[in-house]
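The structure that follows is given in the form of structure tokens.
Here the chain labels run A, B, C and D in written order, and each chain numbers its own residues starting at 1.
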Amino acid sequence: MASSRRRFLMHAAAMGGAALARPSAAFAGPAPASTTPAFSPPELLRRHAANARAAAVATQSPTPDDARYLAMYRDRRNWGRWGDDDQVGALNLITAEKRAAAAGLVQSGRTISLSRIFEPPQHFMTKSELGGGGGFVMDYLGFIYHGSTVTHIDALCHIWDGDGMWQGRDPDVEITTQGAHFGDITHWSSGVITKGILIDVPRHRGEPHVTPDRPVQGTELDAIANAQGVSVEPGDALLVHSGWESYTASGDDGSQGRPGLHPSCAEFIRDHDVALLGWDLMDARMGASQLPWPVHGVLFNFGVALLDNARLEPIAAACAEEGRHEFMFMLLPLNVARGTGSPANPIAMF
Amino acid sequence: MASSRRRFLMHAAAMGGAALARPSAAFAGPAPASTTPAFSPPELLRRHAANARAAAVATQSPTPDDARYLAMYRDRRNWGRWGDDDQVGALNLITAEKRAAAAGLVQSGRTISLSRIFEPPQHFMTKSELGGGGGFVMDYLGFIYHGSTVTHIDALCHIWDGDGMWQGRDPDVEITTQGAHFGDITHWSSGVITKGILIDVPRHRGEPHVTPDRPVQGTELDAIANAQGVSVEPGDALLVHSGWESYTASGDDGSQGRPGLHPSCAEFIRDHDVALLGWDLMDARMGASQLPWPVHGVLFNFGVALLDNARLEPIAAACAEEGRHEFMFMLLPLNVARGTGSPANPIAMF
Amino acid sequence: MASSRRRFLMHAAAMGGAALARPSAAFAGPAPASTTPAFSPPELLRRHAANARAAAVATQSPTPDDARYLAMYRDRRNWGRWGDDDQVGALNLITAEKRAAAAGLVQSGRTISLSRIFEPPQHFMTKSELGGGGGFVMDYLGFIYHGSTVTHIDALCHIWDGDGMWQGRDPDVEITTQGAHFGDITHWSSGVITKGILIDVPRHRGEPHVTPDRPVQGTELDAIANAQGVSVEPGDALLVHSGWESYTASGDDGSQGRPGLHPSCAEFIRDHDVALLGWDLMDARMGASQLPWPVHGVLFNFGVALLDNARLEPIAAACAEEGRHEFMFMLLPLNVARGTGSPANPIAMF
Amino acid sequence: MASSRRRFLMHAAAMGGAALARPSAAFAGPAPASTTPAFSPPELLRRHAANARAAAVATQSPTPDDARYLAMYRDRRNWGRWGDDDQVGALNLITAEKRAAAAGLVQSGRTISLSRIFEPPQHFMTKSELGGGGGFVMDYLGFIYHGSTVTHIDALCHIWDGDGMWQGRDPDVEITTQGAHFGDITHWSSGVITKGILIDVPRHRGEPHVTPDRPVQGTELDAIANAQGVSVEPGDALLVHSGWESYTASGDDGSQGRPGLHPSCAEFIRDHDVALLGWDLMDARMGASQLPWPVHGVLFNFGVALLDNARLEPIAAACAEEGRHEFMFMLLPLNVARGTGSPANPIAMF
């Protein structure tokens, strides 16, 4: 493990957690809720830097909650669980048997895409004519898929905290301008095919979308799963519908925080050995919390794949129609050498 | 249909086909067999233009074979078969029942990726530090996936001949610098999930790879399917293994033509109502043929999806091990607005 | 000339100009004043389309001013002035003698850059190590320079109206996905080196910047030139300082129109045979005008090069210090094959 | 200075230079002579890596020449000469007086571009229609300009050896994925305007181009300058014509080395305090030399700007016609924030 990077949480541990004096800069990750359909990298990076600076200025005593979840992440890490050099993470829980069982869930063959429309910021055509009126067109795509717009999967290498990346690796060693040399997306090239479960928070609450003042709690996931009659088991893909379409249409300006999942959901995910978390609204941001990766932390601490910016309203509607909330889930990441993730078009099949 | 674009094949018809005097420039499509792992658009376009010019210069009397397959394409088009405005094509043959039956093929849950490693020509990292040693990395991908390198699916709009695009649409109207306005990849956003069949030509021939002097024939597909004990049915995904890895390692310089599929395979595909053709070596190029789209023509004439540059050696090996040549096939194209196709990581599951 | 494209202004002529019933959609060109430091093409295109639609909806009777300037452009075009196939335009006015005379203006050798900082939306590093601690870094730049951010020069092919491009050429023929085949930037590869004149509107008005309600008039350019003691002569580069820095800092929301140059400036430019217009705020937008290219029209009608988004505050300050408003002007466009312009770093030397 | 990076040349010094046991991997810089008009970054990087590995394998005793030039670079560095934090380098030698004197060289106003045609690997068009037949076209450019194709200038930060970058700075600190934080191209934003001198090696030798077996020597530069009647003075731009067009047309396969400049030219450059070196063929590669940066070393050791891939045949022909080999030289780099250089279209004016 990266000994030089451990000072942050080691310090937290030495201080008993609750006494943590200067937590890492509060930062919600590369995925602020936004309706902006496209962004340029410099703009994004500037926004990130500004957020981080603002947070650093505002740093004060950490909340007891912060200390609790930092300790939870530290104490329950999956580092080493599948071998010290493992780069597959919680997707190890999806065995061949698990995949075959997922296929066994299929009844009608109805499919629902979980992807938003993808509009790459650079999308250009080149058309060529052949003789006799024939021809062809090719398109150039250029994009950063991370952020809060494009439906994509995060590879294990995507984020880290003061203790390091997945397995405690050092990002200064593993990430160069040439790419990610540990935990890149090619380790998931055989796809994520497993049982999918949809947790429909708005329908359960009877509200159009999750609100900033009331993040989704881990206990709520339990309650909704029970109400829906589904059981979250090891290796499952957990999809939490928070109502992104409705929230973005509401015109909320974010000044009261961002709606999404509370860190207690990370505990639920670890308790049930979930393999993949899919969501339409990501980590909730509210109150005095200074956690850098409130729920995103499941990625590098537990090895859980993240499906960001999933389009979950259609699958939620379909589950309601079908009267069932589990299905065969398929996500086939592009096999990008040294890549930090992949845009994706995940499919649910009933 | 695009009346102004019909002169080429209409002329061919008037001349009785065999008398066709000036066929379209011979052109093998945007996918010359090559081991080059990456290319830049101008280079590709220059190569294409040079090929097209060379062919135009060399134009002479068409072969009887050319006339036969031009007539075959013209006479058996699927334009209008699923309605005049249909943009789904032969994927209409993949019904919900067909998908459910494909899932029913799953026994062990073993999965095999059909994708090559993807190395985008533009692949760059941006790394950002947060406080306390935390941080994240994002990558920028820039690429044209068409060509002979990247595993990808062609959308219906990708190519055309003198009669027009799929359904006879006019490419001058439907394709602008803003993208494809008919037959784009979003029409296949619910994925291609169906029964997959692997036709293993090298194993059947007892040779490491298909050679330029002996393209794969439609009758051979029949013979191999029979020998393998599989039946090609409407809506199936047909994967033809020609031995790309072995061929590219052989150092063949292409001067004797390119190995691949003979136009008679297009007839087989139409006879069996195949929904998708996947291949590792594409249209064969040899002899005096001047056909612009020898087998690629199944795309805009029949509405058959093309999976170009599939990696088929591992699935061929797995089929031999498993003693079965059919499986659940999954290909989930990125949902790119106005896109002409998508890079892909298709998966076969036993 | 492109006969099929002439209906718009021909119609205007037949109607006597003032009776013009349906002018082209009002559109300010690809350069709305903005403080946004970077943009993605889809966003820009959407904005443009929205502008154009809004304008089309609002179309009503054209103002007498519109009719006057449409007639002015039509009647005073430079098409054919330097030969029917000329692709150099008003830069023909910059003779070798003119350049030599410009060099003769140099006294102190003081230089001022007229370029803003350039932050390409795609700007990525690749660093490679050699043995012994050596290495090198290369950067990838990806950008569209047109718009209101990047300092750049427009080539003759960049814009057109219903009568066509420069020389009346048809954009449907001359512009393909492969590039511009007439009037591209390579025709200006020997650089724009001439006498430069700075017209300092804010200093003359005694105000920090031009305001939306009071665009810069052609007569005002005359008055300022006289007051500054300079004479605008054929082949000169005319730089009009409107106070971009101050305007963007003012927080004006654009609801009362955009400050900039009135179409009467186009008449001034034609009267004096200016070769290049450089500006920091572009075409003014106000009132009921429906002109698509109020001042941008000098590009394709007169063949005058446009230097958009120049940084003119420093040169304005230097002119005030030096007590002279003319200098040697240098702009050396990148020699981009088939390009529609070039980012630039123009230099003024005293 | 970067103490941790000095081991390579410090070791060389301790060993007396001639006893240097393991020099840095031989590497010719990012600019192997090539006729390839465009390249993709991964391809380039792979080629570089292969070169570097091949060289590392071949490492043996350094030649006496290697030792001599390593010592020359070390002993005559300009680090600190213009202050410890200076980021302008030898361009400090181009004073305002020097620029004014360069303008004073202008007689006829004849201009010659020193740029090759620029074909960006990513060059795409987006065309938009307005009402009434009007419209506009914008192009997207994407490229890495470093390498042996594009005419460009290297910023001070571009390369380094074991002792560090310009001024001894540490590339691990100064170069991040966000860009170059020391010695970037913006420090040269006021342009490189000075006296230019053309050294025409092929005409002097009476041969069409420099050959691999006979690199250009520093003493030869002296001899040619004398024969041409020019004097190389502090702050000059030195352009060395080696006959790139003729060499690339010759079909030489590079197996006998690459033609270009011998490290003794670096000594000449330092002796005469040249500010910029422009060349069409770069560092010669031949024999047993293991120098990583034979002549490129003038960049980070002396602070001399490099103009790579200049097109020098036209200016050589013009100098012969004019009977003079000095002129006003202008190079105006794009003002790219944190950039490692810039593509350029330098101009010579007589």
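Miscellaneous remarks
Here, contacts are C-beta pairs under 8 Å (C-beta built on N, C-alpha and C of every residue); 3 or more make two chains touch, one makes a residue touch a chain.
Note that the structure is a prediction, hence the values are computed from the model and not measured.
Common neighbours of subunit A and subunit D under the contact definition above: B, C.
Residue numbering at the subunit C/subunit D interface overlaps substantially, since over half of the positions present are found in both copies. Measuring from the averaged C-alpha position of subunit A to that of subunit C gives a distance of 45 Å. Averaging C-alpha coordinates per chain places the centre of subunit A 34 Å away from that of subunit B. Looking at subunit D, one finds that residues 41, 45, 119-120, 122-128, 137, 140, 142, 176-178 touch two or more other chains. Interface of subunit C with subunit B (complex): residues 45, 122, 124-126, 140, 142, 177-178. Across the complex, subunit C meets subunit D through its residues 5, 7-8, 22-25, 27, 29-30, 41, 45, 48-49, 52, 55-56, 59, 95-101, 103-104, 106-113, 115-120, 122-128, 130-147, 151, 157-163, 171, 175-180, 186, 189-191, 193, 292-293, 328, 330-341, 343-347, 349. On the side of subunit C, the complex with subunit A involves touching residues 37-43, 119-128, 142, 176-178.
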